[in-house]
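For reference, the structures are reproduced in the following blocks.
After this come two complexes, each holding chain A, first together with chain B and then together with chain C.
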Partner chain A sequence: MMEKDVLSETQKGVKSRVKLASNIQRYGMVLVFFLMVTIITILSPRFLDPRNLLNVVRQISIISIVGFGVTMVIITTGIDLSSGSVIALVSVVTASLAHPNQYPLIIPILVGLLVGGITGLINGTLIAIGKLPAFIATLGMMITARGLALIYSDGRPITNFSESFNFLGQGYLFGVPFPIYVLALTALISHIILKHTKFGKYVYAIGGNEQAAIISGIDVVKYKILVYTYAGIMTAIAGILLTSRLSAGQPTAGVGYELDAIAAAVIGGTSLNGGIGTIPGTILGALIMGTLNNGLDLLHVSAYWQQVVKGFIIVGAVLMDKQRRI
Partner chain B sequence: MIPESEYILEMEGISKEFPGVKALNCVDFRVKKGTVHALIGENGAGKSTLMKILNGIYTPDSGIIKFKGKEIKLRSPYDAIKNGISMIHQELSPIPNMTVAENIFLGREPLIGRVPIVNDKEMINKTRELMRSLEINIDPCALMRDLSIANMQMVEIAKAISYNSELIIMDEPTSAISEKEVSHLFKIIKNLKEKGVSIIYISHRLDEIFKIADEVTVLRDGEYIGTESIEKITREKLIEMMVGREIKQMFPKEEAPIGEVILEVRNLTKRGVFYDINFKVRRGEILGIAGLMGAGRTEVVESIFGLSSYDAGEIYIKGKKVKIKSPIDAIKNKIALITEDRKSGLFLPLSVRDNIIMASIDSYIKGPFIDGVKVDEFCNKQIEQLKIKTPGLMQIVKYLSGGNQQKVLIARWLLTYPEILILDEPTRGIDVGAKAEIHRLITKMAKEGKAIIMISSELPEILGMSDRILVMHEGRITGELYRKDANQENIMRYAMGITS
Partner chain C sequence: MKMRKILSIVLILMFVVGLLTGCNKSDSQTQGQNQETKKVIGVLLCDFSDQFQVYMKKGMEEAAKELGDEFQVIFYDAKYDANEQLRQAENLITQKVDAIVLMAVDREAAKPMVQAIHDAGIPLISVNRMLANQELAVSYVGSDDIQAGEIQMKALAEALGGKGNIVILHGSYGHEPEIRRQQGYMNILKDYPDIKIVAENTGDWYRDKGMKVMENWLRSGLQIDAVAAHNDEMAIGAALAIEDAGLLGKIKVAGIDATPEAIDFLKKGKLTYTVFQDAKGQGRTAIEVAAKAAKGEKVEKEYIIPFELVTPDKADEYLQRYQ
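== the complex of A and B ==
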């Protein structure tokens, strides 16, 4: 009681500051991005070479696609730690169906999506019906899926794919890497879902105030399950692209990707407190991380230092998020 | 030599203002040594604020506090305890996974010598001694979470006493305990009194006050009304002191044609919360539900709306028995609930637009998408009709004023086209202008033929708006009054459970 009253007193005073902070949050990251691009370009003009730029976008495509699902999950105040392991599971299953002259291309893709969708469905069910904390449910899936990937592949990479499957991660269309098309399409679809469908509105509602969502007659259980399933499918798409890109189904693929995807979402303004976040934001978050990696590479900064810088950026972004939520 | 004062506590000219509310206005409050002093008043009269000031939780804007004749400054509950003032809070705050002994000695654990290691044995023994002296039969090693609510309350009482304070504040100590424990508590209070301890006793139950108190002070709307000796005052006089204000505000009440029964509740019971609730609401009627805090009013409407379950009873809508298991069912049955706490109904980080459409999205679906044009059209119409002041549809709802937030909630529910509209404290914490507008809206909705249930703790609001008034006391309906018969006194009498 006391804290609440004291807070409401201070709230008024900081309202203008909060608004300012909110604008910094909204446009601040765009600014950070352009600042970064400018500095890197001055130090290494090679950065602006179109081939390098395409390379940056291709590199971030996989993390971004995972990030779209993760963004929705985080908007509902959830978290998904299983993405990296699900990528591995999807990778080995897809790879085993993608050998030359084995099945038409659609089969490994569909099965891959199905595997990802099922893991998401299980996550969602455990969280929405089993009332498990998302952290625990997806941590369980993280460990289990990795184990299943190792079992399925006997711990070895699965190689030798059909031409068409190889094209997914390695091919070019009109001079642009194919994964970039997939990135654009998934981004567009995710954005439209989030902003222009009932499902999207409910995602924001659940994260904005779950109790209010229940009172408003929203089937919170159903939509939570759907969100995790969607995240699973997005992860599967990323897994298929990665498999093709690496020319191998790797049971050890995707380690740490879940954290990169969460980082992209958070840098892009998605609030871990729920109710706030956008797809363009997540792309920006991934772009910032990708540009940073690429730029530091071009400047011959050691990979070890790159980690340190990335860590600073992530913490900085969350600090700004905190500022906004006084 | 300064003559020793007969008062242990003198609070003089205490004022406290919160944003928008004058909680206390120059209140005087004096407690004599070794007496039980009751503090009473309606919800929002300022009792809790005054006691929080005395407990060091709030700092007063002005006024002085003298304890044992010396002026003191209280900056925290720790200060209060150091000075010899402890408090039993109405809302329990146990740490569930710690033992009874650990809870009682929280922050002052006995140590082994000078080493910062807690002397568990001593702590448990001291607790056992304390419990024995108070004749409370609770194991010091039991975990708090395993205790009943009543026993937790007894532990809180024991804890407050264990500080050996000279003044103990008891804020609604009996709201969670049964008859048996109440008489036990009274015995403890009498023992304390004999030892010269003074007690401030806050309760909604007049019976208890007449049984235990020596003096009583009445607050109303943040003002000091008077202090009386309990032997020289009657219940009637006390109630008059509590409610005796003029109704200054004008209510835009207009008679609406009252039609057929839409909602009927029969014998609705949720054990331990409310019992045998029976009532009907008709088209065009505003049914007010009055009662003091904790009377079970909110719980009843939450059960009707499917937010929580009930143990027995039936709900009929337009004569047909319905099963409402969730808000989804309630909305299908054309019931809307605007909850007591605005914050629990709003999506604070979302826009005004999203907040308005969230309960009626299905009406704007075109193919797989939401028809943005239609949404804007509907929202703008609501904003215009309800006079919601917002810079735009995309404004984040968090930044609106309380009154406008409440209107956003009302807009959300009007778009579900309800026939039964339940409003729980619809104007709490809202400024006067917005209040009048919300009252006008409620009247308008009644005129449109909706059945309206309005819970309110403000008697003028209940009297000004309702066609009929139900009064609840401790989970039961204790009175039903028609508009023409109702006044502040008879409502308060029912609300305090006085039936004779």
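== the complex of A and C ==
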């Protein structure tokens, strides 16, 4: 009798500790975020100016959209290093079709999405059927896509866009920058796909235990290809927005964006070991990085120190990721 | 299963072929150089995708064409990787080329490479960027970035009437032009005590990063009268941020390089000044000097191609130079 009580007490203790740990994991980054916001607001009240908040969200929209696809890829234990270069390729191809009085707006958008989708399809095929490590396959795409962007544009920026194309990245709707609507829509779609569809369930299953997923009859090859294709399409959306925002299709666009997107996902709780990750988490990750950038600029912190602080935050996030697996 | 294996091999092969044809264009160009009679000039550049280097390479190609059949010019792209450039230089030394034109990724890291080229007895011409051990090269062709900073800041300071707040968008910290252009700013600013630098940050030479930093500054409540950017891409980024904030014309923006797009922004009144660096002229002169050196003719120690201030009224004239 006594022994049983003690046992159940210990079990309870373990359980509540596990629960606490999972709560810290789930809400830890939210706390970090609000702590950051509070500190920045005290030091510079201008941070909370609605125009500045919109500015921050617009700044993170491109990385976040890339991050949605990357999140799914990482959940399957994959990685996508090609995002930055694919942005450049999409950027120059889209730009070349977006001149005034050339084609209706839908053409550059569709072709851009197609280019992104194809690069994702190739990544996915190389990984799922060719059995290449995701790192190698997407590294190859990273190099190749950048090269193709340079070839296509002859190394020069492509400019002069139609009004409607300029609107995508520069326009406002009811006082809110248009990219923010795109961000909201892609976030919603990605979240629903991941949490409420068979596709999403399989993505987590593949990342949790690929062998088990195969044995339980999931067509792993098909879903892996689909995940990378989705990531390619998300990257294309980001590329189109960036092109419009910068008023130019640039073969040099998006350098380093793949790492920012991966960082956003990981800071937001996506585990590099696969099986864990959410879309709201990735938005939070991007928000943390964007707020840091913005806050440090508002406070005129030297760029040298900005890098040190950002490095700390990323390491801190992964430390938490490790702790929740012990 | 067998099908899958075959398919995977085919895919991998396609991929490898793609990589080879897509990326190693510069290496494959070396294959044609077996004809012993030709004199070969090896050109090591930092990054073919950089706007400025695209035009510099154009100038080089034009000069190479005019040299005719007697010379062959091979281009190498280091993609801003100092190690890669070292590897390429070693290749050129092994091939015993007749002259090397070098735009060093990193002047310090390039020291041993420059020494090796010198020891191999190959005449070395540095272009655009002076080397740390320049004395080992036969000639330098380029412009002086300090002068670019001085020309730009002098124009801004006068436009501001010698008084006001400026912000500075740096290139990547530690890059040679970043250091020297900033040095040029400082040389001028010491004569204008009423001009204050109220914020500085790096835009890493990129438009998107320059734009982000400028957006944040505009929201920070700073009174900004002018933006001095170390290159045009960041200046354009700042101009886009200023336009978005509805402050066009209230803040002066100046860049350096005079890229065609920047000149276009100048015409539209979104940029105030840019500074022309004669990319094609540098490229052309570098090849001409290299050809002389390869033939054993005497060359000057330095060929300085001067910077020029571009104001909106001279926009068209400079735009024509790119035609």
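Here, the second predicted complex is superposed on the first by the 305 of 326 C-alpha atoms of A that agree within 3 Å, B and C clash if a C-alpha of one lies under 4 Å from a C-alpha of the other, contacts with A are read in each partner's own complex, and residues count from 1 in each chain.
As a working rule, contacts are C-beta pairs under 8 Å (C-beta built on N, C-alpha and C of every residue); 3 or more make two chains touch, one makes a residue touch a chain.
Quick caveat: nothing in here was measured; it's all calculated off a predicted structure.
Asker: Looking at A:281 after the superposition, I want to know if it touches chain B, chain C, both of them or none. Which is it: first, second, both, neither?
Answerer: neither
Asker: For chain A, which side has the bigger count of touched residues, chain B or chain C?
Answerer: The larger set of chain A residues in touch belongs to C.
Asker: Please work out whether A:52 is in contact with chain B alone, chain C alone, both, or neither, and reply first, second, both or neither.
Answerer: second
Asker: Contact-wise, after the overlay, does A:155 reach chain B, chain C, both or neither (first, second, both, neither)?
Answerer: Touch partner of A:155: chain C, not chain B.
Asker: Would you check which partner chain A:271 touches, where first means chain B only, second means chain C only, and both and neither mean what they say?
Answerer: first
Asker: Going by the contact rule set out at the top, does A:124 touch chain B (first), chain C (second), both, or neither?
Answerer: A:124 contacts neither chain B nor chain C.
Asker: Just to be sure I follow: which residues of chain A are touched by chain B in one complex and then by chain C in the other one?
Answerer: none
Asker: Which positions of chain A touch chain B when the two form their complex?
Answerer: Its residues touching chain B are 1-2, 5, 8-9, 12, 15, 19, 192, 196-198, 201-202, 204-205, 207-209, 211-219, 271, 273-276.
Asker: Using the touch definition from the top, list the residues of chain C that touch chain A in their complex.
Answerer: Residues 4, 7-8, 11-12, 15, 18-19, 22-23, 48-51, 54, 170, 173, 198-202, 206-208, 211-213, 215-217, 219-221, 236-237, 240, 244, 261, 264 of chain C touch chain A in their complex.
Asker: Touching residues of chain B toward chain A in the complex: what are they?
Answerer: Checking each residue of chain B against chain A gives 18-19, 52, 57-58, 91, 305, 307, 326-328, 330-331, 337, 339, 343-350, 354, 357-359, 361-362, 365, 368-370, 372, 399, 412, 416.
Asker: Taking the touch rule as given, give the residues of chain A at its contact with chain C in the complex, in rising order.
Answerer: Touching chain C from chain A are residues 44, 46, 49, 51-52, 55, 59, 125-126, 129-132, 137, 140, 143-144, 146-148, 150-151, 154-157, 159, 170, 242, 245-248, 250-253, 255, 293-294, 297-298, 300, 302-304, 306.
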